[in-house]
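Take a look at the structures listed below.
In the two complexes that follow, chain A is the common piece, with chain B as its partner first and chain C second.
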Partner chain A sequence: MKILYRALLISFVFLFLAGSQMATADSGGLSTFVAVDLVGEAFVRSRETSSKEAQIRGAEVFFAAPIDPVFDGTLGIAAHPEGGVSHFELHEATISSSKLLPYTQIRLGQGFLSIGKLNRVHQHDWPFIEAPKVHTSFFDSEGVNDVLLEGTVNTPTELPLEFTLGVAKGWVYGHAHNEGKRPLVPTHYTRVQSFFELPGGGGLQFAGNYLGRTDSNARRTRLMGLDITAKWREGRALAFFLQSEIWLRQVKNPGVDREDTIGLYVFPQFNVTENVDFGIRGDAYSVLSSKDALGNKIENASSEIVPTVTYKPSEFSTFRLAYSWQLEQRGDEVTRVADSRLQAQITFILGSHPSHDF
Partner chain B sequence: MKIRFIIQIMLPVILILISEASASTQLSPPKILVVTSTPDIAWAIREIGGDRVEVQSLLTGREDPHFVDARPDYVAKVSKADVVCSVGLELEVGWLPKVLAKAARRDIQPGGKGYCEFGSKVETLEKPTSPVNRSQGDVHPAGNPHFWLSPSVFAKATREAVDALERVRPELKGAFDARYSEFLRMMLGLETRLQAKLSQSALTGANARYAEYHREFVYFSKSFGLTGVAVLEEKPGLSPSAARLAMVSTQLKAEKVSLVLAATSAPQKLIRKFEELSGLKVAVVPVSVQSNSDFESYPKLLERIVDVLIEASKQNQKRAQ
Partner chain C sequence: MKLVSIFGILAILVISLFPAACSKPSESKSDCIEGGKVGVVCFKSLNSPALSFSSGTINGTGSALAVGELATETSSGKNISVAFSLSDAGSLTLKTFSKPDLSGGVDIKLSRAGTKLELKFVKGATESSAKELVGIDASSEVKLIVDVHNDEDPAHILVWNGSGTFALETPLLNSEDDDVKPSGQGSDKYWGVTLANAKLTQAVLSEPKKED
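And then the complex of A and B:
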């Protein structure tokens, strides 16, 4: 409960301070929001001995405003409970511009890398509760966040094309509470995105991604992935939504064979009634290069099925319930249910949330 | 011989093509490319700009402009535009700022010479007099943004587009001003003609009272002498509960109101539910110009709305008798 109180207290203090500035902030165009993400789960069957109690997974305070006629600034601070202690992290502190160069957005500072789909979306805006294994293993439970310099170009062509090129400090990768070490090759990444209009007012966005990094121990990591997002709207409702990513990771340690791992997830979601959606996520994950002592390939796969019901009375609050079955297979061992658990989530947003990407 | 023949035949053709191309370049300067959020303002700008403009609307008129995604094809269209015009008054706040930022063109972002918001020229209705918050629903702090269904208000707001076109192409100021004067006359004439049509119908006096699903007919009703008495939504932008629908249904029966309006983008399941509860036929009307339809132009759209209202009112009055 201490964590809950501290996270909420900090959030509301920030909001109060921002609110007290509103009289002057309006003229400066300051937008402020607090996003709170509560998650609870109960293990019905698990290899773990205890289930997680309901807790605030994250409370995020976000500020955004134009700095001057050319530059915009953002500041985002998030609190997360870890091992009974709440950690405060700088999620975003960026200066950006969409007015410096034609067709080009430039972003400099600390933030989530603009790569893939989930990594570009804040956790409270995900369409499901927990990240799939491919994301937690290849990126992080939340996402890869670093000091970065990034440029995104949208070409003025008939076919929508968006190119992103970025480089990040890369001293750490994923979640860390230390400084890390200077990498031999910093994290670098690119994303190429396009879009097709679909019949009936729908649209399909798809993108190819690449990320590379060589750490201080000469461990070289390469990630290659595809992400797609499709939406059909009917009036106010999102009648159908599809989100999917597939990633291949290659890790090469000095003097050791390369490890190849593949993972994917597919999440179709249907609108049931005005405010209720039903989606089902299917995940798959396998280490392709897994071998036994004799060098024979070991078949292995992890998969998860997660049916999810979402009640969204407005765009500022979400109530979500999900049940997940995790399945494991290794060698000739028969596939079995390893874990199954029930999860619940409540998210709410106070203040002015900026508009989202597609 | 062959080469000589080719030169004799082809050279004049090439010269003609070059001279044609240069003549066309000299005679017709490039068109102003205008991108609008909704097809209604696209129609108005075509009327003002004529063959000097090429206008594209991001929305087709079938969507609810409050609930739209910032699609990448919108970014591609906007990135080529000389002028971008929106309804404004926060109608497109959920998606247009993202599109403009991604298009990354200084001239078409707020404050740029090619940016225009029709709403900035409108004396809005229902502007909150006290601070708003989300417990009140999706309230627009600058006032109701659905002004384009009033010809006179819409015509006045179109001045904002004229100003933007003149900023981008100052040498055409006289031409745009002249066409805007014609446009104003045409729109006021349209309003007068439809007022007359409504006053000749049964939609007058007590019969001119109506209910609506969402507060999007307030400017229309002010122009055409209708009186709004109820809204199906309890709070703007939020779906009404069954209890709310039942309550409004009872109210309309008690007050003998027979006209109920809803846009085609309103949730049809809730509209059907209300019809079952009230026994009234809801007049579901388009509220935007739509290409490839019977209402490709604004006058045709308003004619359609007026005709549907008159017919719905007649049917409901017959049913009541």
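And then the complex of A and C:
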């Protein structure tokens, strides 16, 4: 795996040398935005958790600009509360170029891995308030963020195809309070995406994803997933929106049986009035390989239903109300409502926000 | 668009019925053979003839495996509330996120020296240094509330006094802020206890008290 790290370093040197030959003195065009995400809960009915007080879940500052005619740069920092105190952390610091190779964009630096749907979208841009369990469990509460080298190729074909191949440092994956350890196999991932138009002025984007890694304890993780996004517009309004992901995770620790887990969410949303949308998200999650210490299989499933109302007076502000019911079933227990709560969210953006993914 | 709308609604209904569809009872087998229950947790003796199970307690010297999983996923967290008593120089080891033979996990060893209760992390033949849990009288029944966050590396352990009012922000031990910490993560999702002249009287599982 030293070879991969050397490849990362060599790539960085190559990009620097290639760019330095074509750099000019003029690198204007800085765009900046600030995004604030405020959330709160009430009327919580749960055996295990209490309601979250209203808090600034995220405050993000983002800069993007051409560095020179060849390279573009980004810098994003975000504050999140931890232990009652907001801590700033680096979300994104990348150098990229779409001019080095034909039909190819190369991205190097720190950022969210270009995999899945939610993992590629900033938290304040999610179409719902809280992430589904499949995302928080397989990725993290916000997403997998790492030092990465990524290449995306858009094929000049009639059927648009976009291939992404990436490798990330992988010393940590998901939630961590330390710098982690050098993995045996770094995080590597790929995504194949396409798009086609649907009758009635609609469009459908769909993609297949794969991610793998082997950590320093020889624990091997594989993720395989599909994501789809569908939209229909009537005039300027988004008449119907559908977003869904399904993922399978396989985790193999040395000397123990492999753990297979499946999770998915489906979120259809309808436009009710000019600025009001109504959606209802359904989530499902199950550990397929669950068994007790005697080897008896344990049937298990958790699901969540989240009706959501969104008021969006402009692209710069969003007001959202949702109610979440979490259902659980395990072994011989009957299905029960494990948790229910009212959720609220306000987000606003100052400045110039980059264009959103489809 | 109508077709996709119908698909979306049907998908929601299917997903909402997902637990019901999976709720047929698993084949039940007696799960307290060669052991006994402590509260609702069923334990099985692991080749430990010097261990006795009676009246909702486990007493003596030996190892007992909890039949149910500690957690559904290995990379997750769980809280274990325990009550136990120790003879002088006795110990109780919580074996968490381990294999079914209780190896390969995050082991938390609680030992009595007079009235002091000391905590060590054990992994195989390796033991961490000991930390005294201040304010605990080991000569009487001890109640502890233990968070094991096995989704971090090394596993993140918090221990609170289970007697009196629970104070989330003042644990007896937070391995993240302490020199005494486990050396890694547990490799599977089972758990149990190893007793040495000890008596376990309570074992209750719940979600972690400390959210990360």
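The definition used in the following text is that the second predicted complex is superposed on the first by the 327 of 358 C-alpha atoms of A that agree within 3 Å, B and C clash if a C-alpha of one lies under 4 Å from a C-alpha of the other, contacts with A are read in each partner's own complex, and residues count from 1 in each chain.
Note that a contact is a pair of C-beta atoms (placed from the backbone, for glycine too) under 8 Å apart; a residue touches a chain by one contact, two chains touch by 3 or more.
Since we're looking at a predicted model, the values are computed, not measured.
For the composite obtained by overlaying on chain A, chain B and chain C can both be accommodated side by side without a clash.
Judged by the touch definition given at the top, the superposed model places A:Gly203 against chain B, while chain C stays out of reach.
Once the two complexes are overlaid on the shared chain, A:Thr261 sits against chain C while remaining clear of chain B. Of the two partners chain B and chain C, more residues of chain A are touched by C.
Within the superposed three-chain model, A:Gln329 lies in touch with chain C and out of touch with chain B [touch as defined at top].
In the superposition on chain A, contact is made by A:Ser98 with chain B only, not with chain C.
Once you line the two complexes up on chain A, you'll see the smallest CA to CA distance from chain B to chain C is 17 Å. Residues of chain B touching chain A in their complex: 60, 62-64, 66-73, 75-76, 79-80, 93-98, 100-106, 109, 111, 134, 138, 237-239, 265-270. Note for the complex: chain A touches chain B at residues 69, 98-99, 101-105, 152, 154-162, 193-195, 197, 201, 203, 205, 231, 233, 235-237, 273-275, 313-316, 354-358. Residues 48-49, 137, 174-178, 180-181, 198-200, 202, 215-217, 219, 230, 232, 239-240, 242, 244, 251, 253-256, 259, 261, 264, 266, 268, 270, 280-284, 286-287, 290-294, 296-303, 305, 327-332, 334-335 of chain A are the ones touching chain C in the complex. The residues of chain C lying in touch with chain A in their complex are 1, 4-5, 7-9, 11-16, 18-29, 31, 44, 65-69, 72-75, 99-100, 104, 151-153, 156, 176, 184-185, 187-190, 206-207, 211-212.
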